[in-house]
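Presented sequentially are two complexes of chain A, the first with chain B as partner and the second with chain C.
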Partner chain A sequence: MNDDDVIICRCEEITKGEIRRAIQAGATTFKAIKKFTRAGMGLCQGRTCRRLILQILAQETGQTPGQLLPGSYRPPTRPVPLAALKGEKP
Partner chain B sequence: MKAPDVVVVGGGVIGTAVTYYLAKQGADVLLLERSELGGETSSACDGFVILQSKSPGVHLALALASAELYRNLAAELDWDIEYKNCGGLIVIEREEEMPAMRTFMSKQQAIGLDVRLLSGEEVRRLEPALAPYIAGATYSPQDSQVNPLQVVLGFAQAAARLGARVCQGMPLQTLRRTGARVGAVVAGGEEIPAGAVVLCTGVFTPEILAPLGVDLPIRPRRGQLVVTEPAPPMVRHIFLCARYIAAKYHPELLAAAEDEALRLGVGLALEQTESGGFLIGSTREFVGWDKRTTPGGIREIVRHATRILPALAQLNAIRTFAGLRPYTPDGLPFLGPVPGWENLYLAAGHEGDGIALAPITGRLMAELILTGHTSFPLEDFAVERFSCGKEQGGRLKVTP
Partner chain C sequence: MAGAEVTEVAVVGGGPAGLSAALAARQAGAKVIVVDENAAPGGQLRKQIHKFFGSKEHHAGRRGFRIAEELVAACREQGVELWTDTLAYGIFDHTLGIVRGGTASTLAARSIVLATGASENALAFPGCTLPGVMGAGAAQTFINLHRVLPGRRALIVGAGNVGLIITYQLLQAGAEVLGVVEAAPRIGGYAVHAAKIRRAGVPIYTRHTVLNAAGHGELEEVTIAALDENGWPIAGSERTFAIDLLCLAVGLTPLTELAWQAGCLFEYCGPLGGHVPLHSEDMETTVPGLFVAGDMAGVEEASTALEEGRLAGLAAAAYAGYRSPNLEEEKAAARERLQALRSGPFGEGRYLAHEEIVRRWLKWRDAR
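Entry: the complex of A and B
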């Protein structure tokens, strides 16, 4: 299997190849990759793929993952039914 | 660095649009973005290209011209901006709002917008997920949606293909004055001579202009939004509610509404995006530079949305976020030269209409800078319209 075909973001079904291409097109932060590809914007909000994307980004740009900004975490951080957010039992 | 014809400051939807249309006309353009493309307001908003929300007058006329440019934009940019001519509904919750909406609508029709009034029954036939109490809606087949991030990227990529230089991580440091001109732009430690400079810096524009002695009444206005998990198609149109529109013309109608929602300026803005998730907004709050979401704001948005579309309550919210909209006192952007300067221009202050108005803004600014004339009159958008004549109501009369 070609490395580029590996799915990195399972929620949005974004492959390693798509992430590499976004980096080559100038998306050199986690935030920018997210905007380019939608990786990390699905149901789990990057809980699975954030570290993998940072690793790919580090490799492609010759940095260590520690040098990279991890991107933002937005509330509610876990899926919460809208019924609960409006102050009612779901 | 080679001196460009035009330096565009700000890589949001307006800055990238201006860059693209300038490059398309053959200009050598340098775009300076202080962090990354679409990093602020343009990535914290909805993707409405909605005409029905525009006040009947020059605002709507400008939006109509912009919507026309959106039709072929994806092909022109060779980029999937997720444009969908889905049609839009302004949901009318209460009979009392009908007369105001009728008036608003007939004024819009006079300007050329295809918009009609639907009864509760008719609108539920169009959108069966709407709650039974909904009194009706206005409907326009001309309303559309796009993915704002892809619009920003599409403009930037297409501009780059035309030879524009797009520089990210390049904050503007100084505009260097030479007589009545900007002689050079200082950014990233470099002094870049420029033929003309356009500020497309949205909410940040006043702080750039203050040192030049220009006082610009743009204020950050926070809008909070909620994103849900992807769901099967539930609605086919984009939605606003009449409360905001009615409030503009008949504020007394809001007296019966809940205080908390009113205080936060909650008005429904809802779309099911290409990914299947719902984007639900929004508040309108003056809270300075605070970009956080608040439990109270999210609660009122969700209450309002689930009242209108009850089935939403079953979906999970996966993300909330807020963006700062560049508010202006009359709801119109500033498009034009900065008074007292020969080569400094402004395209900022679109509040919640930046996505909808980006293509026409880009095109008109390119015309203005390169030829000195525009195909759409810009008098009503003049930068100096608030700067004098305070005794006459703060409006500078430009046209006789």
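Entry: the complex of A and C
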């Protein structure tokens, strides 16, 4: 079954095929895939897709999930309106 | 930035773990503020209209939302400040960046307890982004909090406790559930929950998976198939259901973003749901003064979250300078109860996993 068209990162609309191609091109860490494709950089900051991406990475590289690092986490943990940070109500 | 606030113990997350931690820290004498992003405190418990399992002292036979109401009342009575609609968006040393009422500010504390719970796992298959495909927890929020039926004809993926409970609650809410699909050869949840939905006539398809979902702009049908010994779909076994709701109950992952930001050391632990922060017997992480409790420290149950919260709250208060008079006895009692909760076929694996996490923490401490 060809599932290349299945969307893995819905925030950035990145498919399984795009992630596989990134891995084949040498992006063999979560961090590299993120920088290569933008998967995991969307509104949810990877809360939905991180685990799926790590599963694909594990399959494609023959590693176990425990061997893979989930990349870095930065603030904000949820989308925050810029107006909030400015101290003004939106 | 609006005004900065200061407290002695700050707790992120108002679920059973966070509320229990807050109560313990407050009873030890500390000034405590709990922040939670939701409109009301209680965490997952608010959606749990079913009766709980376990021992008497862990509220067996009681409904989750009632337990939350009691915890919240006890917190208020003791003078714990509960800040709802408050997001902790970041952690900077011992200061939380928060957004409260649409405005950013900071909350500094001597010690911090992270009790942020877990997030639902996704599943990827053709059509998985169609409206009508959602997490079981999301469906539960729709039904039990907002009183909205998210669909009339449903299929559930995952026969763990969450999948079985959402099945029953959808039936109670008036939806039709056509089946529960489970990839494993066995039902993962408690037999009592499974028996309940079987009595209601809902078939459980073990060794089956979802092949795809389809529809024009929204979910209209889902095709499932049986799996062979190696986990591959068996050709000819496909079955298509006309449904408008597909609930995914395929596990939870600890919500650990703040602990990563704070620089805690982690370990991957399958039985606990993924990467979890190393912690001591007192639930202290590798960042001094930063404690963890509940699902974010390893996905378990409300009962274990309450006990871990108690340990973290007592230790966080002690770190902030408020030693409970019977600190050692209280901690020992909580640990004993935790051990009792982590026994039997369902608890054993989690017990060993937590032991391993504590061992790693000790190794880290000794190497310092």
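Methods note: the second predicted complex is superposed on the first by the 89 of 90 C-alpha atoms of A that agree within 3 Å, B and C clash if a C-alpha of one lies under 4 Å from a C-alpha of the other, contacts with A are read in each partner's own complex, and residues count from 1 in each chain.
Heads up, the rule we're going with is that a contact is a pair of C-beta atoms (placed from the backbone, for glycine too) under 8 Å apart; a residue touches a chain by one contact, two chains touch by 3 or more.
From a predicted model like this one, the values you see are computed outputs, not experimental measurements.
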Partner chain(s) touched by A:Cys49 [first = chain B, second = chain C, both, neither]: second
Touched partner set for A:Leu85, first chain B, second chain C, both or neither: both
In the superposition, chain B vs chain C on chain A residues touched: C
Which superposed partner A:Pro65 touches (first chain B, second chain C, both, neither): second
First, second, both or neither for A:Arg74, with chain B first and chain C second: both
Chain B versus chain C as contact partner of A:Ile8, first or second or both or neither: second
Chain B versus chain C as contact partner of A:Gly17, first or second or both or neither: neither
Footprint overlap on chain A, comparing chain B with chain C: 45, 74-76, 80-81, 83, 85, 87-88, 90
Complex contacts: residues of chain B adjacent to chain A: 36-39, 43, 149, 153, 157, 166, 168, 226, 228-230, 275, 293, 298-299, 302-303, 305-306, 312-321
Contact set on chain A toward chain B in their complex: 12, 25-26, 29, 31-32, 35-36, 38, 41-43, 45, 74-76, 79-83, 85-88, 90
Chain A - residues contacting chain C, complex: 1, 3, 5-8, 10, 16, 45, 47-49, 51-52, 65-66, 70, 72-78, 80-81, 83-85, 87-90
Chain A contact footprint on chain C (complex, rising order): 1-2, 37, 87-91, 97, 99, 102-104, 119, 121-122, 124-126, 128-129, 211, 233, 253, 255-258, 260-261, 268, 270, 274-275
